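In what comes next, subunit A is part of two complexes: it sits with subunit B in the first one and with subunit C in the second one.
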Partner chain A sequence: MYLYVLRRLLYTLPILVGVTLICFSFIHLAPGDPINAVLPENASADVVAQVKAAYGFDKPLPVQYLIWFANVLTGDFGLSIMTRRPVLSEVGPAVAHTALLAVTAILLSFVLGAGLGLAAGMTDRRSTDRAVSTFAVFGISVPHYWLGMILVVIFAVKLHLLPATGMGPSASDLTQFGMEDFRHLLLPAITLAMIPAGIIARSVRATVAEIRRQEFVQTLKGKGLKRPRIFLHVIKNAAPPTIAIMGLQFAQLLGGSILVETVFSWPGTGFLLNAAITTRDLPLLQGTVIVLASFFVLTNVAVDIFQTLLDPRVRRV
Partner chain B sequence: MPLDATPARNGTIAEVNDLSVRFVTRDRDVLVVDGVSFTLAAGEVLCLLGESGSGKTVTMRSLLRLLPPSARIGGRIDVAGHDVTAMSDRQLERLRGPVAAMVFQEPMTAFDPVFTIGTQIAETIVSHEGISYRAARARALELLELVQIPSAARRLDAYPHELSGGLRQRAMIALALSCRPALLLADEPTTALDATVQIQILLLLRQLQRDLGMATIFVTHDIGVACEVADRVAVMYGGRFVETGPIDQVIAQPAHPYTVGLLNSTVHEISRGAPLVPIPGGPPDLADMPPGCSFAPRCSAKSTRCDEIRPVLAPISAGRAVACHHPTLAGAKP
Partner chain C sequence: MSTSTTGLAALPPAVRKVARPPGRSFWMRLGRHLLRDRVAIVCLVILLAIALSAIFAPWLVPADPYKTSMLRRLLPPGERGYLLGTDELGRDMLTRLLYGGRVSLSMGLAPVVLATLIGGALGIIAGYFGRQVNMLIMRVIDVFYAFPSVLLAVAMAGVLGAGIMNSLISLTLVFIPPIARVAESVTTQVRNQDFVEAARATGAGSWRIIVEHMLANVTGPILTYASSLVSVSIIIASGLSFLGLGARPPIADWGLMLNTLRQAVYVAPLNAVLPGVMIFLTSVSFNLLSDSLRTAMDVRA
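The block that comes next holds the complex of A and B.
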């Protein structure tokens, strides 16, 4: 088991290298460069060359990449071109802000999605099943920036119940987390939770309905077990695929949503990525991408390990 | 309070009267079991014999009301003096396990794959007898030893996929016996197993049945299996009993043309050396049954009467009955 975990962690390294390589090439395929964005338009060619040399942009691309990579290995992610602050001190808080949002959204979507999915999967009533399916399709297909704006209009503008934008006063410092922070968190979290909730509801419904058709449920009934105990069997069987789906959704949420974070002015990774791309802030972009990719890959490893623990049939060595 | 599991005063453990089961969905209404009646004495082994779709499994499962929600049961079913058709869900939970228990056909799919064998047996005992989980696990171990599973203590913590088919079926039997049922229902318990394992499981079942004095209903399509375990046999065709009687008499002198056909199409001791003769045609469409005898379209001895009037199950000699206008038994009058 430990060997399996170790091997899975080792496998993540080439993935991460690949991600940074692709990201690095793509930003250089796109027109425009970071120097134009920082220097005034009338800067002399001399100054441009000087600044380029200072950032190392005069070297061939592969060399630039290797230098960056070597620095990362020593823990140095470089300086943001726009803010001239270390990349990590930009990415760190953004990831924390997005993580707060992502964790809240995934919990919400789990409660909502798993609850509705179970209800639909366990019932023999067609109407309940239909209602849940309708909700799931709505959740998956509604554009979430649109939903975000509608929620803002209803709860902030019309009803004055919740703040429209921004984080609460204590940002992501959880030790100071208070009611005001919670009120700020609510609308963006609900908006972000819709898609995963729909996906989880649909998956749980299908999984549970499939499990209930299996022969062993007849055995459970045939040996006179009470309904709650049978329910427990169904849940344990439905857990591994549900956790897999949730892990993927969570990893996606961690990446931050540019659209939702923009609608709610939430200073997370989506916000940061957007800024880094528009200003061609290469060190910041690369740093953000590698941090996000690590989270994504690690979440998937965690999901695999969880599944292995829950389902004896997939026990890997 | 547990349900009483003792046989009625006249010694019968199960009594089925004019049982009918139909499966009703929005666009289909199929009569799967049609007017089946039988009684089962304590300690007796009855074999329901028939091809797939003949209603034998549904008949047996009706005794536990273990049928899909679309099933509509008619007639009367008494198990250990309890009217099963009138039972609430709570009463059914108390019936299933301590009064009557079932062994399923496919031991691979009949166990929950994510719980250990020991847990699945112990939870049953805990649920019915309210004893501690520890005590229930100790009983589970005894049960695994009873069904002769080697190194039983280790197998208690095994998951179903870690056992071979034969061991899984033994564990399934242990599960069925866990609450000491008065009636054991076995649904083709050997069909999914290798031939060599089949006979071991049959011998085990027969021995346990005799040692524990359980009445048993055994569903099979295999005459050889029926001969091995049964006291009495009921041959089913198209959802009805077509012939009933003591197994040795029915095998030696089959009265119904379908039983004759079954015997001619299977390898067994009596027919050794003779060529196998298949029954022409296929099983009847339950949604579109002929008005007369359901076997008439495939029967070599049929007359016009067979197409018009459905034969009823009528006694032909002591303990034997047949539903046929032209029974083949020598000296029998229709």
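The block that comes next holds the complex of A and C.
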């Protein structure tokens, strides 16, 4: 078991190195001279020379990468071109904001998805099953940025119930989280929760239906157990795959919230990415992507390990 | 794949033709199964309608999708002869929605098709040759798996710059890894079956074994999986345009229309929301169609 965990963790190292390689290549994939990618056009000659030396653009590519990689390892992603502040100090708060949104969304989607999925999986009524399946397909197929716009139209423009955009007053301080913050959080979280809710509902429905067909459930029935007790047994067996799906979906949300954040002007990583792209701020883009991808990889590993702890039969490397 | 095809595939082509009764092939059965599926038919009709109206848009709607009019901005649907109203520059919404299908549908299909070809080839090669080849290909694929799909698409498109071509490249890149993974696992399963061993024993080379014996057995699962990605592709492609990273104005594209109409959401909410209806309709149809395909493949009877 420890060996498995260790191996799983060690395997993330080459992956993370690969991630930095891809992010490094961004500078050279961008159209034009890399120096133009990191400097405004009207930069003076000595600034250009200084930056060239700092980035090592005069050295061969592998050396450039190693210099950059060594900096990244120490948490130094360079300075944001836009704000001239260290990239990490820009990314930090943004990640916290996105995480707040993603955690709320995944909890919402779990309540909704698992509830509906269980209802559909446990029932023998076709109509319930149909309704839940329809909801699941809706959740998976809806362009969530569009759903966000519709929610804004209904709840902000027409009913004046909730704020249309932005984060609450205590944006960067979670200890001060109050009613106003919650009101701001609600619409983007619901929007973001739609896709995972659909996926979770569909997966729980399939898992539960599958478990109910297994022989041990028949045995429990034969022994005369009441429905609620059987329900408990089924839930216990359905938990590991559901938790795995939830973890993977959470990981996707961290990086996938960019569209929803744009619709609601939520000051998270997506917003930051958008700004980095429009101002061609490559160091900021690289930093944001590396941090998000690292979170993604680590969440995936955590899910794998947690699942193995719950159910030793699933062991993947 | 059904065992009968598996067994037959090992026979020389001449024998195969005789042994398989007409109309009983795997694909024929699949088609027949789909035709009995009411949901699949409805989705197919919707998609065909959208596709055909996009292709024949110039003949269906008289208006010019690029003709702006400052006097007729954001007219509500039905007013002054504009069936679905006008957009923020006074262009006819209905016309632009139909024309928009051209870019949006292509951007849903093209990346998946390209990724299926590239990812499928990579996966089959990795699965067939195994060992170091597998290691090399799959470990590189693993690295791309380290990015959430939307993040990878947005970052790539952002780096390469806005444009239809660049968003096509980034989307293809997003879909290659998952397709390659499916192809690899299916190929690995098929590779260990007896008929492949038999083909090798008769002296068939790798190329011949892959093309003649294995391809028929792995394309089904790969295509089924790829079909489930089309709706994702449409949503992300439109999302890229929505962020200003895909199609550039004044091209009619559903995602871009959502983007430019977003500012008008307070003034003319109905107009602003319309392009999303098209995206949603298309993606739901593709999703349901792909579900039907999967059920049909599973039956295999």
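Methods note: the second predicted complex is superposed on the first by the 275 of 317 C-alpha atoms of A that agree within 3 Å, B and C clash if a C-alpha of one lies under 4 Å from a C-alpha of the other, contacts with A are read in each partner's own complex, and residues count from 1 in each chain.
Here is the rule we use: contacts are C-beta pairs under 8 Å (C-beta built on N, C-alpha and C of every residue); 3 or more make two chains touch, one makes a residue touch a chain.
Model, not experiment: these values are computed from the prediction.
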{"item": "Clash or fit (per the criteria above) of subunit B with subunit C on subunit A", "value": "fit"}
{"item": "First (subunit B), second (subunit C), both or neither touched by A:236", "value": "first"}
{"item": "First, second, both or neither for A:124, with subunit B first and subunit C second", "value": "first"}
{"item": "Between subunit B and subunit C, more extensive residue contact with subunit A", "value": "C"}
{"item": "Which of subunit B and subunit C A:312 touches, first, second, both or neither", "value": "first"}
{"item": "Touched partner set for A:219, first subunit B, second subunit C, both or neither", "value": "first"}
{"item": "First, second, both or neither for A:157, with subunit B first and subunit C second", "value": "second"}
{"item": "Least Cα gap, in Å, left between subunit B and subunit C after the two complexes are fitted on chain A", "value": "16"}
{"item": "Common interface residues of subunit A - those touching subunit B in one complex and subunit C in the other", "value": "none"}
{"item": "Complex interface listing, subunit A residues touching subunit B", "value": "124, 214-216, 218-226, 229, 233, 236-237, 310-313"}
{"item": "Subunit A contact footprint on subunit C (complex, rising order)", "value": "139-140, 142-151, 154-155, 158-161, 231, 235, 238-239, 242-245, 258, 262, 265-266, 269, 272-273, 275-276, 279-280, 283-284, 286-288, 291"}
{"item": "Subunit B - residues contacting subunit A, complex", "value": "64, 66, 69, 92-98, 101-102, 104, 106, 109-115, 123-124, 127-128, 159, 161-162, 175-176, 178-179"}
{"item": "Subunit A to subunit C touching residues, read off their complex", "value": "14-16, 18-19, 21-22, 26, 29-31, 137-138, 140-147, 149-150, 152-153, 157-158, 251-256, 258-259, 262-263, 273-274, 276-278, 282, 285, 289, 292-293, 296-297"}
